[in-house]
Every structure is written in C-alpha cells, then in structure tokens.
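Note that chain A is present in both complexes that follow, paired respectively with chain B and with chain C.
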Partner chain A sequence: MTKQEIIERTNVALAEEFEKEPSLFNPQENLREALELDSLALVDLVALLESEFGYKIKGPEIIEVKTFGDLYEFLLKKQSDEGHLAS
Partner chain B sequence: MLREEQIKSLIRQREPVILIDTFFKPADPEYYTGLKILPGNIFCREDIFSAEGVIEHMAQSSAAMLGYLAAGRNEQVKTSYIGEIRDFELADNPRTGDFLETIIEILSEVMDIILVKARSHIASRPVASCKMKLAINRNVDRQLFYN
Partner chain C sequence: MDKRVVITGMGIYSCLGKNLDEVRDALYNGVSGIIFDPVRKENGFRSGLTAQIEIPELKNELSRNQRVFMPEQAKYAYVATVEALKNAGLDPDYINDHEIGLLYGNDSSAEPTVKCVDIFREKRDTTRIGSGGIFQSMNSTVTMNLSCIFGLKGINLTVSGACASGSHAIGLGSLLIRHGYQDCVICGGAQEVNPFSVCSFDGINAFSVRENEPAKASRPFDRDRDGLVPGGGAATVILESYESAVKRGAPILAEVIGYGFSGNGEHISNPNVNGPQRSLLMAIKQAGINIREIGYINAHATSTLVGDSNEAKALHLVLGDHKPEVTSTKSQTGHEMWMAGASEVIYSMLMMKGGFIAPNLNFENPDEDSALLNIPSKRIGKHFDIFLSNSFGFGGTNSSLVIRDL
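Entry: the complex of A and B
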C-alpha cells in the first residue's frame, strides 16, 4: 500500500469505529484527543488496527503514537518491517 | 487441565459464586473454561441460568486466564476489574444440568488494559458472546499459583 492508501484506509476505519468525521483528521492532530481515547479505549484502537492491517501491535508501540501523522508513519513502517501488503 | 484448588488460586471469587470448574489452555491465544450448572446455583431461577450468571462466568473465565498467564511468568496473580462489557449477545439461557463451555481469546493489550472476546456454548450450540475489557491492578497481589 502507498502512504496515501494507508492514510485513507486508516481514516475510514477510525471514523467508523470511533464515530468521528474523517475530514477532521489531519497529521498534526492529537490522536487521543480527536478520538477521545482514554486508557480503556486504546485497546480498541490496537484491535482495530490489527484487524484492519493484519499487523501485530504491541502496547508500548501505540503509546508512542501521539498524532495522526505518527500513526500513518507507524503503519507505513510496520508494512515495511513485516514486508506485508495487507489487502 | 487445572484442578479445582488451582482454579481457586487464579480468581478471587469463593463459593457460592465460583462459576468455573474447568480450565485448560487449548491453543494460544484461546483459553477454555467450563461450568457444570448444578441445582442450587445462585444464578439460577428455577432451572434457568441467568444472563448475569453467564456474564459472571465469562468474567471469571477471563480472570482465570490472566491468572494463568501471570503464573506462567512466575508472577503473583493480580486482581483485575471489568472496565467494559460490550456486544453482549445471549442466544439461549443455559439450564440446570448443562455444561457451559467458554473460549476466551485475547484481542489486544495495551499496558494493563486487555480486550478479550468470550464465546460460550453448550455442546455445539452457541449460547452467548461478548467483548470485555479488563484492567489489571498491579498493586494488589493474591496468593501464589501452585502446581
């Protein structure tokens, strides 16, 4: 997947799961604030991303993700690291 | 498969509210528990095992799984709390005499919050399912798991 495809797929999945308008998502935006993620909801985010992209995500990895931009880069790196092209 | 006393070391509930009598780990990431629903179970009304009983059985199953994992790491068993239950579906109430079986699967884990999926059935008949978030309290130890 290209970075743009990852961004679009991520935004659609996040909007549906957390019932937010995807047009509000931008790379500089704080992910947890925009999605209103508390500590309980972070596991939902991990479960969603694992299901959507097929990557195994460890808790400490997602803690480091602060913004939407961080998330897109994180997923791009996962794809690169795992040599994985999720369909 | 764990014995009754071993199961007790994994959960904090005591009689008459212990709702698992069987525990074994078939294959990561799924864990299996069971309960023979006996006459007089406090979650039964007449011979019907209540939805609340099914949820409590699922919660104890999840707690036992977390205790088992802790024991496997040679850690003390920690107390966990239910943070959220969602997508609960009850297809059919178990009845006295049924053997309720539940499969617990870890879906994701972030720090001390764990999301599990619980699926209960009787023989091959689906009974209930839900997702449950568990919060582990690292500051509360319980008795050590023993072999």
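Entry: the complex of A and C
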C-alpha cells in the first residue's frame, strides 16, 4: 500500500468513526484536537486502526502520534516493520 | 415535617408514540403497539411477538463522544427526559445551579454485553471492543449517561427491581423529596427492546404465542390469555417538592401521595397474593385516603395466567365492595418491564388529565378472579382525581403508587 493509499484509507475511516469532515485532516493538524479525542476516544482510535489495518497497536505507540502526518508515518512504518497489511 | 411531592413534568417514548401527545391519542383510540417480528422467529424464538419501537436518531442532538456510550434504552430515556424537562420548565441554567437527582429503573443491557463478548471471543483482543462497551453494558448505563448529558448533580442511581424498577424509582424519589434530601429528582424507567434482551425470557415460555393476531396477543385479565408480549422504551417523571415547584412557578400536575412496597419471599417467578396485597395497603395507608377515593387502578397485569389472577385476588381483597375501573395498559403496549412502572404512571396521568380510561384491550371473557373486578374493555369517559398504579417483579418485588390530581 502506498503512502497515499494509507492516507486515503485512514481519512475515510476516521471521518466515519469520529464524524468529522475529511477536509479538516491535513498532516500538520493536531489529531486529538481535530477528532476531539479524549482518553476514551483514543481507545476507539486504536480499535479502529487495528480493525482497518490489522496491526496490534500498543498504547505507548499511539501516545507518540501528535498530528495526522505522524499517524500516516506511523502506519507506513508499521507496514514496513510488519511486512503485510490486513485486508 | 414531611414535604409534599408533586409531579411537574413528564416525557415518554413508547410503542404508542414518541411524545405525550401521540401517546395520549393512542391510549384514547385503543391502539395496539404489538407486531410480529419474523426475525425473532427465524432465530429461534418461541414467540415472535414484540412491541415495535424505532431507535431515535440523535446525531443532530448529541455528539459522537456522547452517543458512543448509549445503548438503545439510554436513547429512549434521553428523548423522554428532554420532553419531561421541557414540560417542567427545567432549563440548563437551573439544572446547573441546583442539585437535581436522578433515579431511573433499568435492569439489563443485554445487546451491548453480547456484542462486547462476541468481539472479545472473535478477536481475542479487548482493545477491539472499543470505549463504549463498558458504559453501554452496565446496568446503570441509563443513569450514567443521563447524568453526564444533562449535568445532574444530585443523587445518581439506577433502580433495578425487575418489572417494578420504574415504579420503585418514582417511589424512592418521592421518599427522598418527602424527607428533605432532594428538592427535585428525575425519575423513570427504561427498557431495551432488542431480541438479545428477551431471548432468555422467551425461553421460559412466558410469552404469548398468539402470533397470527399480534394486536390480540396481550390480553390481561382475559380468560384466554396465554402469556405476555415484551415491550419497551422509556418514561420520565419529574418529581419535585411542592415548595420548589411553587418557587419556580413550575406546572404542578399531580401529587405523589402514597408509595407502598413489599417482598413476597417465595418463588422467583410465581407471584403470590399476600405480597401485592401488603404493597397496596401500605400505599393506601401512606396516602391517607379513604379507599373509595380511588377512581382508577392501573394494574400490573401482564397477561400471564398466574400473575393476573393473583393480582385480581389481591385487589379484590383490598378494595372489598369498592369497584373502581381497573385496566392494564399492557393490553396496548405489551409488558414494558423495567420501564413499566414509570410509563404506566404517565399513561394514568394522561387519562386522569384527559377524563377518560383507555380500554383494557382484548378483555372478552373474565376468569373467576378477574370477574371480581370492574374491567372496561371499551374506552370510557370518566373524571377521577386519584389513581393507583401497581408494578410487580421477578423475585417478588412489589411497588404501588397512589397519585392525586392537582
């Protein structure tokens, strides 16, 4: 999956789950503010990404993700590290 | 000195309508809210009969981060409570400045529980359950959601008393106000309607199987009744001290003058006569009225063989030769279980204010016990000032409320 494909797939999933306009999503934007992620909604973000991409994501990993750009890079690295994507 | 407890607002979301006006019309016209659900039948239910309720869409009213914690019965309760608060004139500023309590009847949250465990079993990963699961699954889901949404700062408690939950919530709320612990308590009852919530109930052969005539299946007190029909939704009643209501200039609709309760201490599902009889007597004694002042009785009668007969016996023992109209609105709604005690107070209030008594649908032939009561099968016009509402539940928990028009 290319980076662009990861971005598009992520944005579609985030927009649906958190009921936000995808136009708000840009790499510099703060993820927590844009998606209104409190500590509980952050759990839903992890569940969503695990479901969407098939990776197990640990709590400390997602804490490091600050912006949408961070998230795309994080998922790209996960793909690289784990060498596959779930359907 | 005890305080007087008054009702200043009501709201309802049931199979008879999504607000008080719709429900009043349905009661007046003797509408049945019961349908046959083929999906239940296909999935192994003994009876596919159920009340029909549409889950409200709240996307435009509540944020995603609020709705994610709400199972269906919390959504019903939200809609009912919005209506009740509006009718009571309780706005967000007043609520924020005062300790408004919340006592709501609820005794299950099956669907979220099942769905959470299904995900856990399939994925073997608890994170995948998501954040809503725990809050939707807990028995106190309705009160935890409503208290956070409306910013309530008084008592925050779910009442789980089986099919008497909603009635006990109102009764306990009235005690808190009567004795000065709270000035205003939002009371009510909520009931989920999804198949998961009642599959085990269906499994003990408690439901009517008159599937070819859904509107005739719930027939409390009728000789040929063959079981209850599950229903649901939510009903909210705002209780307030008389002083608080007067100070606010709130509409004062009625007064809760009696709350009686008792336990049977016998069989887990079979009701007896003595328990309900004691509950009735306690409520009437607390109300301080002559029994002949009771103008209408909303019976618990669910359309089961033993339950209806024993309630008829208890009522006859208590009432003697006084014969006020006795009906079960469950003939129209099915058994609204955890919600029923609250919704039936509202149904009775709507009838008291409207000067009519809705028909006990499908009461075609009495049995030897129901023949002792005055049960109208057609709507009648009647002015009454005091009614009594019974609610009984599994395990032998009984609640009786006496309410006077103001």
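One rule holds in what follows: the second predicted complex is superposed on the first by the 85 of 87 C-alpha atoms of A that agree within 3 Å, B and C clash if a C-alpha of one lies under 4 Å from a C-alpha of the other, contacts with A are read in each partner's own complex, and residues count from 1 in each chain.
Definition applied: a residue touches a chain if its C-beta (ideal position, glycine included) is under 8 Å from a C-beta of that chain, and two chains touch if they have at least 3 such contacts.
The shown structure was predicted, so the numbers you read here are calculated from the model rather than taken from an experiment.
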Inquiry  = Looking at A:Val43 after the superposition, I want to know if it touches chain B, chain C, both of them or none. Which is it: first, second, both, neither?
reply    = both
Touch test for A:Ile62: chain B only (first), chain C only (second), both, or neither?
first
I'd like to know which partner A:Gln4 touches here: chain B for first, chain C for second, both or neither.
neither
Note to self: Is A:Ser80 touching anything from chain B or chain C once the two structures are fitted on A? First, second, both or neither.
What the structure shows: neither
Now for A:Glu19: first (chain B), second (chain C), both, or neither, which partner does it touch? second
Residues on chain A touched by both chain B and chain C 40, 43-44, 46-47, 50, 57
Seen from chain C, its contact residues with chain A in the complex are 59, 63-65, 68, 125, 127-132
So, in the complex, the side of chain A touching chain B is made of residues 39-40, 42-47, 50, 57, 59, 62-63
The chain B residues in contact with chain A across the complex are 83-84, 107-111, 113-115, 133, 135
Per the touch rule above, chain A residues touching chain C in the complex are 17-19, 36, 38, 40-41, 43-44, 46-47, 50-51, 56-57
